[in-house]
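Below are two complexes that have subunit A in common, paired first with subunit B and then with subunit C.
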Partner chain A sequence: MIALWRERLRIPLMLSPALAVILVLFMSGLVLGMMQSVGYLPIIGRYEVTLDAYRKIFSREDFYRSLSLTVWIGFASTVLSTILAIICAMTLRQTFRGKRWVTFIFQLNIPIPHIVGAIGILFLFSQSGFLARLAYVAHIINEPSDFPALIYDRYAIGIILEYLWKTTCFTGVIVLAVLQSIGEDYEDLARTLGASRWQSFRYVVLPLIMPGILSSSILVFAFTFGAFEIPYLLGQRYPSALPVLAFRNYTDVDLNARPDAMAMSVFIAVVITVLIFIYMKITRTYLRE
Partner chain B sequence: MTQVNLLQLSKAYSSADTYAVHNLTLEIASGQITALLGPSGCGKTTTLKMIAGLLRPTQGDITFDGQSVLGIPAERRGAVMVFQNYLLFPYMSVGENVGFGLKMRGVDQQTIRRKVAEILDLVKLSGFEDRRPKQLSGGQQQRVALARALIVEPKVLLLDEPLSNLDAHLRDEMRELILNIQRQLRITTIFVTHDQEEAVVLADKIALMFDGELQQFDRPNAFYKRPISVRAARFFGGVNFVDGVKRGERVETPLGIFHVNRQEIPDGPVVITIRPENLKLGEEGENAIQGRIRSHVYLGTHARFKVEAGQWHLEVVAEASSVEQFHDGEILSLKFPRENIWLVPTEK
Partner chain C sequence: MTLEQAATRDLAIPPSQIAETGWGWGQVARWLVVVGIIVGVLLPFIPLAVWSFSHRWYFPALIPTQWSMRAWHYVFSPGSQVPKALGYSTVIALVVTLLSILIGIPAGRAMGLHRFRGKTLVEFLILAPTIVPTIAVAMGIHVAFIKYGLADTLLGVILVHLIPVTPYMVMIMSSVFANYDPEYEEQARTLGANPVRTFIYVTFPAILPGIVVGGLFSFIISWSQYVLTLLIGGGRVITLPLLLFSFAGSGDNPITAALSIVFVAPAVIFLIVTSRYLTGENAAIGGFGKI
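Let's look at the complex of A and B:
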């Protein structure tokens, strides 16, 4: 009996240090945030539990503007990075001279922090950046300020560019791994059956790599939906991305704005959690098949 | 029906002097089944892929009915390949898998459905259209793969190890099916195998390959009766080899002088080969030598004896009843019937 209990407790005990960090740091933060989102804020004498903050944010125009912008950033970054990743992975799968080096360089920015990418984007694409100066020196534009506004712009192009830089290789590595595991026999077979190169990609390769594409796309979308630092550094002031709006509400001098900030954060967390469940469902189905 | 010719075909990888296939010339008659046989890495699958148009030869030519097909891409060449592991598209139904080639050619859905039903009937899978590949057994998957290839009416059917993934019972079933379909449709068929038994039961002719080069191209029985080399004989189960020197119709060996029928091999050093079933245990007369039985195995329908003669160890297959007649340790005569002796060059 004791041996049975020891066996049952062995794995939870071994995981306990990691679980403690997750429970104490993340779960407690989440619980605290949820409590504040329902108005429980003893520091300013609010003890009642209410859904007012949720009602309020869902009636705020700036919330919907921020939500639209965030969805746009997530959608555009995910779709574009996925398309680029597929092209890169299909190219890297070929045999060519220097392939090892090119593959290494392709994966190189995975460990580089987003903040470095943000600085790079600022340096390259801002109206006082490298490309603007280059265009000015080449007499393509009269003043550096004539360079199109790609940073702090309404379409969040700078933010999307940074996410493309970072997530293309992430998705590309996943797609490349899936492609390598599939091999080229399916395409060879399709071609002998009469499929052109495009048809064999459209009807054979794409469906085979779709589970990998879907799962990595969901992760990219979930990340871009909840990320704060890049929209904060490269985004315009209004409307801002949802996490930035939540942060600004959180740091508002009026502590009564804090439940709104927490309600927005909980909303973001719920969306991401749903996306993670979809990701897990797809991954499990894929592995089972 | 299409005649396929491979003309001094070579495929080099990475460095120019590493050949996967070297100087391969074959004439594959239309409507016949030809096996490319050889051990792993001998270049047989590379040859198949070159015929299919999936690999470009470094040198040489491939012709279908006398016309070079090197400039024709795989999708328009008319050589369809069936892979060893079937490669059914897992996200398609059986019907969609089988109709894939027609869909790629822009054939209308109604015609595809009709032809799919016909071809599934041919491979004895009528009514399986809506099943998923994972719902099928290995044998059924193989038949779907075959149907998918046949539906596009290929000029040449290429099979990569068609029976190797199947168990013994399904192998027989599949072999019958392939032979029946081939007799009905008369499609020129080339298949790759490393299994000499598979090659013998399926093929009209066998191309035996070693190290990217053709060793022998002949009818199956020739590999048993007239192997071209010690290596070819060994690949087909030959185990009895005795070195000697040929002078006319005599071969001088350390075991004695053997009289042989006239053979084309020039006088000089040769190797005598004889199949175990052709050696006659306990028989006297021309070409008989003395040997000692070292061991034997009873195999129900026959018995296999190991006989020591000088420095050579010979194997003899005899009738099952011979285990009562001959005993281990016994010294007795062993006859090499003249008509069963075959001479091959000494190995370099």
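Let's look at the complex of A and C:
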């Protein structure tokens, strides 16, 4: 009897440290965030439950401006990096001299922290940065202010550039692995049957790599939509990306701004969760076909 | 004869290789992409290296007008904030790595070797932190950490770093155990080894490569955390990324550059050790999306 119970408890016991981290730290963090977003803040003596914070953020102009900026950053980074990643992976799949070195360089920045990439981008693209100096030497500009503002700018170009720098390689490595597992037989067959290069890519290769592309681009979107560091470092002050706005509200000296901050962070988490569910639904129907 | 055989019957060389000969538009496009990859990946590192040795480097000079080792002297001088931040970062990342290994081995074994009810739910729960932004979790849990005296402490920061690290460690260990044969343990047990000896002499050597890769992964993820440390550490626990942010904001480019180089050192070590694991077939590569 005891042996049977030990057998039954074995798997829950093995999982318990990992589940403790997930439930006690991660899930409780989310739940506490939700509680605080509805105004339940015992620390400053607030116990009533209200949706005021949500009503308030949905009537704030800076919230909508931050939201549209964040959606723009997420979409632009995801779409551009996915296209670039496919081009890079299709190239790196071919055989050519020096392929090993180029592939190594392509993977080089994958473990490099985003923050370091951001500082590199800052030194390169700021108005007195390296590229501006090159433009001066080439007589394209006469002073720093002639160089287009790519950092702290309205269109978040600097932020998008940093995300492209990291995520192109990330998605590219995944697509490359999928391509290598497929091999070139299907494509060869399509070509011998008279398909053009574009047709064999569009109708043979692309559908085969689509699941890999979808899953990595959803990860990229989820990351670029919710990340704080890069917009904090390379973004303009107003409007800022949504996670930065949430952080500023959270660290505001006025404790009444905290429920707003919580409502924003819950909003970010909900948007991402909904996206993941839609994605799972799509991939499931996609795989069934 | 299958369609495929029919298609290749008259062709001694498959078409994909025919395209390799001669210089066509395909070759030009390929070299453009290759040059683009090399320049695109490496370019941001160049100003980092140059700035760290510069003293005066005003617009529009392409190279510094005055070089100096000031930034590097500062980074390694005992009086600066850097050695302390380096110490904090290292201790936190090491403890987080050790804990994540202790968490990851049993959980990975359960996920990789066993089938049980609710496995999909457990999988979903364990993967959830890889998708939900850390800032949402950090802001939510801060209140509880303040209440239990964990805010502004080293222990609090270590605990909160376990959130982003655990999913990857469990994923890596679970893929290790999926290719592991528990039969060897049976044999050791029948030969009279107790569970502890069986683990030390049979299980541990077999899963060691996975532990090394997963451990390096955990170390780098913890090492790179910014917003979790900032919120939970409350400005008391100053790690390297926090220092890097404050220098980047202050506009001292040489020190920012030198600190960045110190900050990427573990990643470089990681690349050297694991370059052959970084093939993308490894599911755990997903972890780097969030660093």
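Please note the rule applied: the second predicted complex is superposed on the first by the 269 of 289 C-alpha atoms of A that agree within 3 Å, B and C clash if a C-alpha of one lies under 4 Å from a C-alpha of the other, contacts with A are read in each partner's own complex, and residues count from 1 in each chain.
The rule is short, and it goes like this: contacts are C-beta pairs under 8 Å (C-beta built on N, C-alpha and C of every residue); 3 or more make two chains touch, one makes a residue touch a chain.
Just so you know, these numbers come straight off a predicted model, no measurement behind them.
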In the overlay, answer first, second, both or neither for which of subunit B and subunit C A:205 touches.
-> neither
Touched subunit A residues, subunit B compared with subunit C = C
Applying the touch criterion given at the start, work out whether A:18 contacts subunit B, subunit C, both or neither, answering first, second, both or neither.
-> second
Could you say whether A:196 touches subunit B, subunit C, both of them, or neither, answering first, second, both or neither?
-> first
A:167 contacts which: subunit B (first), subunit C (second), both, neither?
-> second
Touching A:273, do we find subunit B (first), subunit C (second), both, or neither?
-> second
Given the touch rule stated above, what does A:34 touch, subunit B (first), subunit C (second), both, or neither?
-> second
Quick one: classify A:213 as touching subunit B (first), subunit C (second), both or neither.
-> neither
Is A:188 contacted by the first partner subunit B, the second partner subunit C, both or neither?
-> both
Looking at the overlay, does A:128 come into contact with subunit B only (first), subunit C only (second), both, or neither?
-> second
Of the residues on subunit A, which ones does subunit B touch that subunit C also touches?
-> 185, 188-189, 191-193
Interfacial residue positions of subunit A with respect to subunit C in the complex | 11, 13-15, 17-19, 21-23, 25-34, 36, 41, 43, 87-88, 91-92, 94-96, 98, 102, 104-124, 128-130, 132-134, 136-137, 144, 165, 167-170, 173-174, 176-177, 181, 184-185, 187-189, 191-193, 197, 216, 219-220, 222-223, 225-229, 232-233, 243, 246-247, 250, 261-262, 265-266, 268-269, 272-273, 276
Subunit A contacts subunit B in the complex at 185-186, 188-196, 199, 203-204, 207-208, 289
Okay, in this complex, where on subunit B does subunit A touch?
-> 49, 52-54, 73-77, 79-81, 83, 85, 87, 89-91, 100-101, 103-105, 134, 148-149, 152, 158
Subunit A-facing residues of subunit C, complex = 3-4, 7-8, 11, 14-16, 20, 26, 29-30, 33-34, 36-38, 40-48, 51, 58-62, 102-104, 106-107, 109-111, 114, 116, 122, 125-126, 128-141, 143-144, 146-147, 159-160, 162-163, 166, 170, 220, 223-224, 226-227, 231, 241, 244-245, 248, 253, 256-257, 260, 263-264, 267, 270-271, 275, 278-281, 285-286, 288-291
